[in-house]
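Each in structure tokens, the structures are laid out below.
Two complexes follow with chain A in common, the first pairing it with chain B and the second with chain C.
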Partner chain A sequence: MSHPHGPETLVDRVHRQTGINIRRCYQCGKCSAGCPMAQETTIRPHDVMRMAAQDDLEGVRQADGLWYCLTCETCSVRCPNQCDPARVLDALREIVQEDHPEDAPRPLRAFHRSFLDQVRSHGRLFEMGLIMAFKTRGGPLFADVTTAPGMLSRGKLHLAPTRIRHLEEVRRIFEACGQRED
Partner chain B sequence: MARIGVFVCHCGENIGRTVDCARVAEALRDLPGVVHSVDYKYMCSDPGQQMVKQAIAEKGLTGVVVAACSPHMHEKTFRRAASGAGLNPFLCEMANIREHCSWIHEDREMATAKAIDIARTLVEKVKRNRPLKTIQIPVTRRALVIGGGIAGIQAALDIADGGREVVLVEKEPSIGGHMSQLSETFPTLDCSQCILTPRMVEVYQHPRIRLYAYSEVESVQGYIGNFRVTIRRKARSVDEDKCNGCGACTQACPNRKVPSEFECGLGKRPAIYVPFPQAVPNLPTIDRSRCLLFLNRAKGRPDTCKKCAEACSKGAIDFDQQDRLVTEEVGAIVVATGYQVYSIGKETGRDDLHGYGEYGYGTLPDVIDGLQFERLASASGPTAGRILRPSDGKEPKRVVFLQCIGSRDPAKGMEYCSKICCMYVAKHTMLYKHKVHDGQATVFYMDIRAAGKGYDEFTRRAIEEEGARYIRGRVSRIWRDGEVLKVQGFDTLSGRPILMDADLVVLATAVRPQPGIEALAQKLNVSYDRHGFINEAHPKLRPVETSTAGVFVAGACQAPRDIPDSVAMASATASKVLGLFASEMLEREPTVAVVNDALCAGCFHCERVCPYGAVEHREVRNRAGQVVRVVAYVNPGVCQGCGTCQATCPSKSVELQGFTDDQVYQQIQALGL
Partner chain C sequence: MARIGYFPGCSLHGTSREYDESLRALLAAMETSVEEIDDWSCCGASSAHQGGRLLGVALPARNLARAEAQGLAEVLAPCAACYSRLAASRHEMDRDPDLAAKVRLVLAREDFRNGVQVKNLLQVLRDRLTDLKAAVRVPLKDLKVACYYGCLLVRPPEVTGGFDDPEAPSSMEEICRALGATPVAWNRRLDCCGASLSLARSPSVIRLGSTILQDARKAGAEVVVTACPMCHSNLDFRQQAMRHRGALEGEMPVLFLSELAGLALGLPPKVLGLHRHFVPTGSVTSRFAAAAGEVG
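Entry: the complex of A and B
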């Protein structure tokens, strides 16, 4: 689908990363119709698809919906023309992250980084570690603190991490993905 | 004394559920003149029909009333049954107690009473019915096809291949129509000329097709089966018998700067010209409005330039040739005059069309229409198939296509969808991308209407694979800024205004009927809508017939049509024509108006109101052969039995057979109102 002429467009880039041709999008709106976050955002999945299909990276950067996406994949399941909006949004987040790392909202970046750090260190999520790391990275320091005792007493939070066996395999995945250490 | 038989049908439950059929039969039995009245479950069944036949034979009935469904449904059935028993079929009438009664009422008592009333009126009518004979009209088994585009070509070939002679009239110097101008055709992208030109040659060589190119229909007289058509053969100024089509005259002509109609003004032609190399017939024509000799003659100056005549080795150039009128007798006419595209300029040809001031009224050289783009993309076109813009001959890297120009725009004079534009614009974006690989095609559209086999797939291919950028919204304004065109629009999908640069703008202008269609329709006495498209007789069930019997319609003169539709329609007209020509005589229902010569005062009110042009003037002569007066005569071949003349006649001297005033008054009287 991408023509060998001219510079790589956003459509081409998404296609290279995902194999999806965004131009297939009919703009029928079924993705936004089923999106659980549609009420919370001003730019919805079909808007993002539209802008991306028009090679409008600037428009995509303005899209709050890009970062609120839960990747529940309802949109992709319902899409009539196999555009896989969830995968496209994922690719667009990667592209924006690559070109404009400062674009993603700060708490979001902090959470993302802290989450991956936990997985890299323990091979699985260590909630207490995630909370501490997130809050020290600039997450809201005292929010949700009152829920901690309840979660502790019900065994939802542990004070020490547990490790999985063969942790080195998870590390290899991180290395293969080129995940930077920072 | 009348002896009427009444047969009441239950139509299973259809009538029986709401109407007490036995009571209807019983009530009618007592009417004066009724000697037989019965009811039965299914009157149209074989035993039911036998009941009718038997009663006619045994009781010596002089009239039959079948109280059942609509006459549209079973009148023929029962008339045939009556005829089989020796009764004149027109002495059998239907009383509609199904569509007019049982299907639309719920109350059984009232419905039964109404059914009795309906049947009673018919008894009174049938008492006054007279035996009638079907009308036999001789049929001239030749057809006239008006218009030599793809629809006309298809109709002519199908009729001729069916074994009947065809007269094909084309107003341009060559047949082929707009299809010969197209580059490639959707949705298969096959070459238009490659599939069309063999058909054109086939027409020319067909032993049963008489081709009158550069000719127009002057007048039409007569009626179905018996038309007399006068055709004006416009003077080509070239003797067709002598010319061998060598083309030396066109080379010799000094006036080579006439905008070519075939190239939509993008190319030039000489004053003596063949519209395109594959023209059929391959004969040159002198455009007298451009030829120096004729321009001088018009100013009363002596003939100066005769270069074409000097170049012709056959002596075929005839400057003194005159238009000739020829008359052809035909039995059926196919109208296939095709379309033109909406002019965005100030001169639109009609007061209610306004052109496009916001797109520069056609003054921006790089704003062209779809047909012009076809010529640019055509290998035989003025640029030999290279996409070059008209202003400076550069290859445009950004082409913007606008859909719905004129179409779906009541403010500009037309509200209909032109149907073909969505598809040809998608095709144009592909042709452009195939020729200019680094170019960007952008389309502004309102909706994409690609209904047809393989059509939606085609437009999706343009969007998904060929990189055409589709923006939903209309363009508000185009203006020139140095070498580029500024296109200002709105993307309604992302809700943002758009201002983009373009090197070339292509307008998908609306499909309109050919100029002069109204005059032709009036000659043929067929109706047309306010845009000039010929009306079909019934939008669903009679799509290729017109309001005048024996006149059929095919292609884009009826509504915007693409090639497959036009061809299908043309073949449909051919099948209708061949069906009409299947026998030498045409049988028609005798429900036509008849004028009483003795009473007619010759006021001809009837002639003015007749929608079918069936009223003629007839001279009444005395014994010495002198004309004593002129009275109206209704041509039974043309009359459709609408009864308008009967209602209009001040002296009550026209009567519609089978629906005379006496019959209708008695029907009303029977209701006792």
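Entry: the complex of A and C
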């Protein structure tokens, strides 16, 4: 699948990252039939697979279904031709975000950045910190504000983070994976 | 006394602490000692692999390497998301030696052999079904339970090692039958609860969760059983929002499998953390709790 005479195509890139040849997809639609988010998206998993197989990066960038994938793995279990749509969508999200980080919907970007920041800062997820950072970053400001008291009274929310002893090991992982602080 | 490695994960130290409490009490009652991975760190869960494959593999691998250095042959990861990330990390390093070499470099652990088995709660309890059955003090007679698997406990099979069928699993029903309960047949036991979209897109989570709970009720279930903190939170904590939106009527208690097993072993509801739920669990505890009246 190498293209010595031209730039790497989207099909090649997905293959390099996952070992999957998306041109094997014959558009049976089983992935979309079982997708729990298909009814909320206009571009469904089999559409994304088709666009990717046609090297249509611009089409993939417009695909709402790419971002609202829950990674529930139903599509990959049911694919009759081992195209593993869940892995392909993982790879496509990574590819798109390399050049166009702003493509992901804002609340999702806010959630993932806030989540990873917690892990980088403490080595573990500090849930209260995640919620605060998520809202500051542009998550829905007033959603869930009434839930904190219920969580606290049940002893489910800590007010301060727990930091691991060897935080430098986790920091090193982030740095080696090219994840810089904002 | 048997010994098992333990990766609690962030949720079990926070919003799902009753899962940790009930699990430790249950395993102690089954004469299994849990040994926590020393200085464990977050598996990266739903976010790390969105930020690139290497990060998604390396963050869980730090914990596998620590477990290995601690001499642990198998590790129980009770959270389905942690389990999936740890097991996927192990699997990807197994089939891709270049990636494994890269991870050893990132972790600065040249001696890491990637030899630790990762197990979820269904595997651990099914492995010990005879012991579990023998330890039952209060059989959950006539209790109709909906065994809710969700996604990552049984999918994808290359990550779970195929310990159960990804489309027609039976391990949770087997465990519940060993406790004396009656599993119901229902349609939504493998559906996704909405997982990590809980904060970023809660209407989706309410739609998916209410569909699951309605189906469980239609099948005659009195309680939904889960082995995942995210599923639990999306089905227990979010029930109030489901009712506000008219997506659900009445209440459906949602118990962790370790809580249900704990009740059958005669452990008090308070020890199992049942008072920490949003949806009251009295309809179950009043029938089976050994020390009734301890929980509201």
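Just so we're on the same page, the second predicted complex is superposed on the first by the 180 of 182 C-alpha atoms of A that agree within 3 Å, B and C clash if a C-alpha of one lies under 4 Å from a C-alpha of the other, contacts with A are read in each partner's own complex, and residues count from 1 in each chain.
Just so it is clear, a residue touches a chain if its C-beta (ideal position, glycine included) is under 8 Å from a C-beta of that chain, and two chains touch if they have at least 3 such contacts.
A quick note: this is a predicted structure, and the numbers were derived from the prediction, not measured.
Three-chain overlay on chain A, with chain B and chain C fitting side by side and no clash. In the overlay built on the shared chain, the residue A:Arg50 is in contact with chain B alone; chain C does not reach it.
More residues of chain A are touched by C (comparison of chain B with chain C).
Once chain A of one complex is fitted onto chain A of the other, the partner contacts of A:Asp103 are absent, as it touches neither chain B nor chain C. By the touch criterion defined above, A:Ala176 lies against chain C but remains apart from chain B after alignment on the C-alpha atoms of chain A.
Shared-chain residue A:Arg23: touches chain B; no touch with chain C. When the two complexes are overlaid on their common chain A, residue A:Gly59 makes contact with chain B while staying clear of chain C.
Our angle of interest has its tip at the CA centre of chain A and reaches the CA centres of chain B and chain C; in the overlay it is 100°, to the nearest 10. In the composite built from the two structures, the nearest CA pair linking chain B and chain C is 22 Å apart.
According to the touch criterion, chain A has no shared surface contacted by chain B in one complex and chain C in the other. Every residue of chain A that touches chain C in the complex is listed here, in rising order: 17, 36-37, 40, 68, 70-74, 76-78, 84, 86, 90-91, 93-94, 97, 105, 107-108, 110-112, 115-116, 118-119, 123-125, 127, 130-131, 134, 139, 143-144, 147, 150-151, 154-158, 162, 164-166, 169-170, 172-174, 176-179.
Of all residues in chain A, those touching chain B in their complex are 1, 3, 5-6, 21, 23-24, 27, 47, 50-51, 54, 56, 59.
Within the complex formed with chain A, the chain B residues making contact are 437-438, 460, 463-465, 467, 469, 471-472, 491, 493-494. Partner chain A is touched in their complex by these residues of chain C: 10-11, 13-17, 39-42, 44-55, 58-59, 62, 105-108, 150-152, 155-157, 166-167, 190-192, 194-197, 199-202, 204, 208, 237, 275-278.
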